[in-house]
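Same chain, two partners: subunit A is paired with subunit B first, then with subunit C.
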Partner chain A sequence: MKGALSFLTPRSTIALLVCCVALLIAPFIVDRYTLSIILLALLGTYLGQAWNILMGYCGLLSLGHALYLGLGAYASAILFVNYGVGPWLSVFVAMALAVGAAALLGWLGFRFRIEGVYFSLLTIAFAEIVRIGFDNWPFVGGAAGFFLPVNASLSHQWWNLRGGPLFFYYLALLMAAVSLVIAAVLRSSKLGYAFLAIREDPQAARALGVDINRTRFLALFISAAMTAVGGVYLAFWTNNLFPAQILETSKSIEIILAPIIGGLGTLMGPFVGAFLLVPLGSALTDGLRAIGLSAPGVKALVYGLILMAIIAATPNGIWPWLARKLGLEAREP
Partner chain B sequence: MSFSLYVEVLIQGVLSGLVYGLMALGLSVIFGVVRVVNFAHGEFAVLAMYCAFVLFGLGGVDPIIASIPLAIAFFILGYAMQRGMVQPFVTRPQHEQFILLVGVALVITNGLLLVFGPESKHVDLPYSFDSYTVAGVLIDKVRVYGAAAALAVTAALFAFFRFTATGTAIRASADNLTGAAVVGLDVKRLYAISFGLGLACVGAAGSIMMALTDMTPMLAPSLTLLAFTIVIVGGLGSMTGALAGGLLIGVAEAVASLVVSPAIKSMVSFGLLVLVLALRPQGLFGKAES
Partner chain C sequence: MTALLEVVDVVKRFRGLTAVDSVSLSVEDGEIFAIIGPNGAGKTTLFNLIAGVYAPDEGEIRYAGARIDGQEPEQICAAGIARTFQIVKPFPDLSVRDNVAIGAMLRAPDMTAARAQGDEILRKLDLFDKSAQKAGSLTLPDRKRLEVARALATKPRIILLDEVMAGLRPTETDRMVGVLREINRHEKLTIVMIEHVMRAVMALADRVHVLHHGASIAEGAPQEVTKDARVIESYLGMKATH
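This part shows the complex of A and B:
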């Protein structure tokens, strides 16, 4: 654990604590709408961290993380509605399912040395096969979706992940915090260094005795399992699931934008990226409506332009640049 | 189900496959030379479809004929895009290229959504419902014309790469970038031409597709995925592979929608993709990377 904290300088420790306190007391300061934006950003942070472990640390570009999100969400929702199994139990089923899917993907991908862009396209193909399957599978509701009961009598069973906005806010905060800790611990562990070694140079890593396939599998499993937990949260928070939303490639893209824009392979990148992009999205919606430009498409169009501008201007993401500006250059290897 | 129905579906698959193949060829040319994966490929196809739609609406231009001017227009667009936007990203990591092109895709899709709305559009050609009857088998006239046009554009592209000095130079820089630079080829210009040619393919293919199907801006991501599937099956960077992949996917989807259900058809092509990746990762016609 001590090694995991080695990235913190005194200055960045203070910054991190200020962020934590601000997020803890936010519900008592900001209104419901702002709080929901922060919640989305926290969820984006969590999912971004999960994806970042695979791509940022181990160098495997997955463009199909919606698969694990969707599997986790559907598994827990179906177990809850059809079999009365609560989320605290089904979350393990969700993780197991995601790891199973990841194992299949990894088996195909790593065994046959599918690398680079081919691996990325394989991840899309996997996610798309499952999405189309779910779209046409009556048991999971098909394209019409799967719904969790929104029932007042259930609304305080926190142990079944039924609760108010505050409950879900703090849960998201907890998940984001835990994901940061997991990433930090991984980073300073032997496994984490093996990830980085493979990312930088697989051949050299192999020469040093790193089992490439095994290490890649582990990165994939950790990432998939964490994403599936995010899916469970999403299912119980939104109460409705559609393959066209949660399993769609656009969902996968949404997941990966925050860590890339924030700073790939950095601990704070997913956090910074999510807290930039999510408010940006809602500010665009509000701003455009205020000046009377609420036509469908305007928001995504401007969002696309901003993405292009950011990636052209800051090749390594916002965080490395921001950290330099703020004097928070942690000991990020 | 009669035998002739199967033959009909098979022929329909081949004819659509040729148009798919042309679209995928664009992706393959861009990746093969510039080494950038055009994640906005389907979006450009849909952009071409809307251009064809507008040309038809304004001047009654048959989309299949419009494929020629649109190919030229998209060549210029691609050339300018590579020069002005993509070139600095050529040496940058793949995920950054990805974000750039996701941005481009968002701008195209939502720009179209803004201008034309979400309703699906189609063009009524005088011969839309005509068909040939060959030995009791019905073949849609419009598909025959579309496939012929696609084949013509493809042949022109092959001839360009085979017989012109610029085409040879592009192939040389795809094979050996350092070598090409050493002998004094203007690689940036060749990249811009290649990106332009890639978009010319998708411009022509999109225009032809307008004659064959209905279209909405929402169609774009599935077209991108279709193009990916085709080039991976055929072999990313291989021109012959893109064509063969287009035919294979076209036939597979047509047969799947007849035998199983239309909803399942893209699942079949993704299944095919996984199979090819498992057995022959470099694709049917791709060269193994050393």
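This part shows the complex of A and C:
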């Protein structure tokens, strides 16, 4: 644990503390709408960290993370509504399900040496199969969706993840913080270095004694389990689940944009990316409406152009560039 | 002395082409053993067979008395046989220090220990000044050195060196020769090297094994082997005509 924080310089420690304090007191300063945007950014940070462990560290491009998100969300929602099992228990079922799906995916991918983009296609295929399955499965509500009861008598059962916006805000903050700690601990551990070695050159990694199959499975399991926890949060926060939303490929893309824009394989990349993209998205919606441009597709077009501009300006992500500008570069351990 | 590494009648074919044709050799504990031969003689394929990249079609490979043919590269490395790649494979986006630490973490309890062990090896190979640089930014001679450093960091009993002198200047070659000899003597490391730079072979090797078209054509002390008519014809002679 101590080693995990060794990258922090005094300057970056202060920056991190300032961010923490700002996020902790934000609910008392900003309005509800802004708070909901910060909450989404925190959730984006969390999911981005989970995905970044797999791609940014281990070099496995998953384009189907919606699968783990959806499995986690549906598992906890169904257990809660149909069987009265609370989320603190069902979260383990959610993680187990996601790890099970990841194990099947990994077995196919690693056993048969499906590398690179072909592995990515496999991740899309898995997510799509489950999405189509859920769309047509009456038990989970099919395309019409699955709903959690929203009633006032339950609204203060925080132990059942029933609570107000403030409760969900702090829970998202906690999850984002924990995901950062997990990533930092991994990054400084032998396992994390094995991830990096595989990302850089699998053949050289093997020649140095790294068991690449085992290591890739672990990266996949950690990433899938973390994403499933995000799914549990989403289920209880939104109270409604539709395969066409939570299991859709566009959801997978949404998850991966923040870490890519923020900086692949960096600790702060998912955070920086999410806190840029989420506000940008809602600012665009508001802005375009204000100037009367509400034709469908206009927002996506402008959003896409801005993403292209950011990637062209900082090809390695915003964080490496920002860290240099602010003097917050990591210290050699 | 006893044989630490034994290759017995090993054959490897690639779609009808016999890359390694019934090669046998035996490397003794603590020895420096060179494998020479013209390009395409099957030297690197032989290394890949020993290192577990390929399984031989026929024959056996034994290390410290136990069969290792057919094992995976990571198992071979864990058993104590490290290798370098002829076409170097650094982890380009990681620092030189992290590159070597990844080698050391195989036997180190944690990354702090791995880094400390790695730093020691970097000093030995004159790379310590460059430890913060990204491996991808190194010059070719430095990458060759990094390749050796990373393999040494796994604390092997045998190191397979695939043309680590290629591209080095004579003074750099001598320096590398010095380092390898010192490690061989003080740490009792057995070295098997594929090498074209005869200056290094003559200075280092206890015995030389010559491959040609996948088959063994000679083996012996460097001075004897370089006088062998078939070796001169197939390899040294051919080189002189260039």
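Observations, loosely collected:
Going forward, the second predicted complex is superposed on the first by the 331 of 333 C-alpha atoms of A that agree within 3 Å, B and C clash if a C-alpha of one lies under 4 Å from a C-alpha of the other, contacts with A are read in each partner's own complex, and residues count from 1 in each chain.
Keep in mind that, in the parts below, a contact is a pair of C-beta atoms (placed from the backbone, for glycine too) under 8 Å apart; a residue touches a chain by one contact, two chains touch by 3 or more.
Fair warning: this is a prediction, and the values are worked out from it, not measured in the lab.
Residue contacts after overlaying the shared chain place A:Ser36 against neither subunit B nor subunit C.
Applying the stated contact rule after C-alpha superposition, one finds that A:Thr285 touches neither subunit B nor subunit C. Within the superposed three-chain model, A:Ser188 lies in touch with subunit C and out of touch with subunit B [touch as defined at top]. Judged by the touch definition given at the top, the superposed model places A:Ile132 against subunit B, while subunit C stays out of reach.
More residues of subunit A are touched by B (comparison of subunit B with subunit C).
Of the two partner chains placed by the overlay, neither subunit B nor subunit C lies in contact with A:Asn240. By the document's definition of touching, of the two partners only subunit B reaches A:Leu264; subunit C does not.
Using the contact criterion defined above for the overlaid structures, shared-chain residue A:Gly116 touches subunit B, although it does not reach subunit C. Across the superposed pair, subunit B and subunit C touch subunit A at no common residue. Partner subunit A is touched in their complex by these residues of subunit B: 31, 37, 85, 88, 92, 94-96, 98-100, 102-107, 109-114, 118, 217, 221, 225, 228-229, 232, 236, 261, 263-264, 266-267, 270-271, 273-274, 277-278, 281. Taken together, the subunit A residues at the contact with subunit B in this complex read 55, 61, 63, 108-109, 112-114, 116-118, 120-122, 124-126, 128-129, 132-133, 135-136, 249-250, 253, 256-257, 260-261, 264, 295-301, 303-308, 311-312, 315.
On subunit C, the positions that touch subunit A within their shared complex are 51, 53, 72-74, 77-78, 82-83, 85, 89-95, 97-98, 101-103, 105-106, 110-112, 114-115, 132, 150-151, 153-154. Touching subunit C in their complex are the following residues of subunit A: 3, 188-190, 193-194, 196-197, 200-201, 203-212, 332-333.
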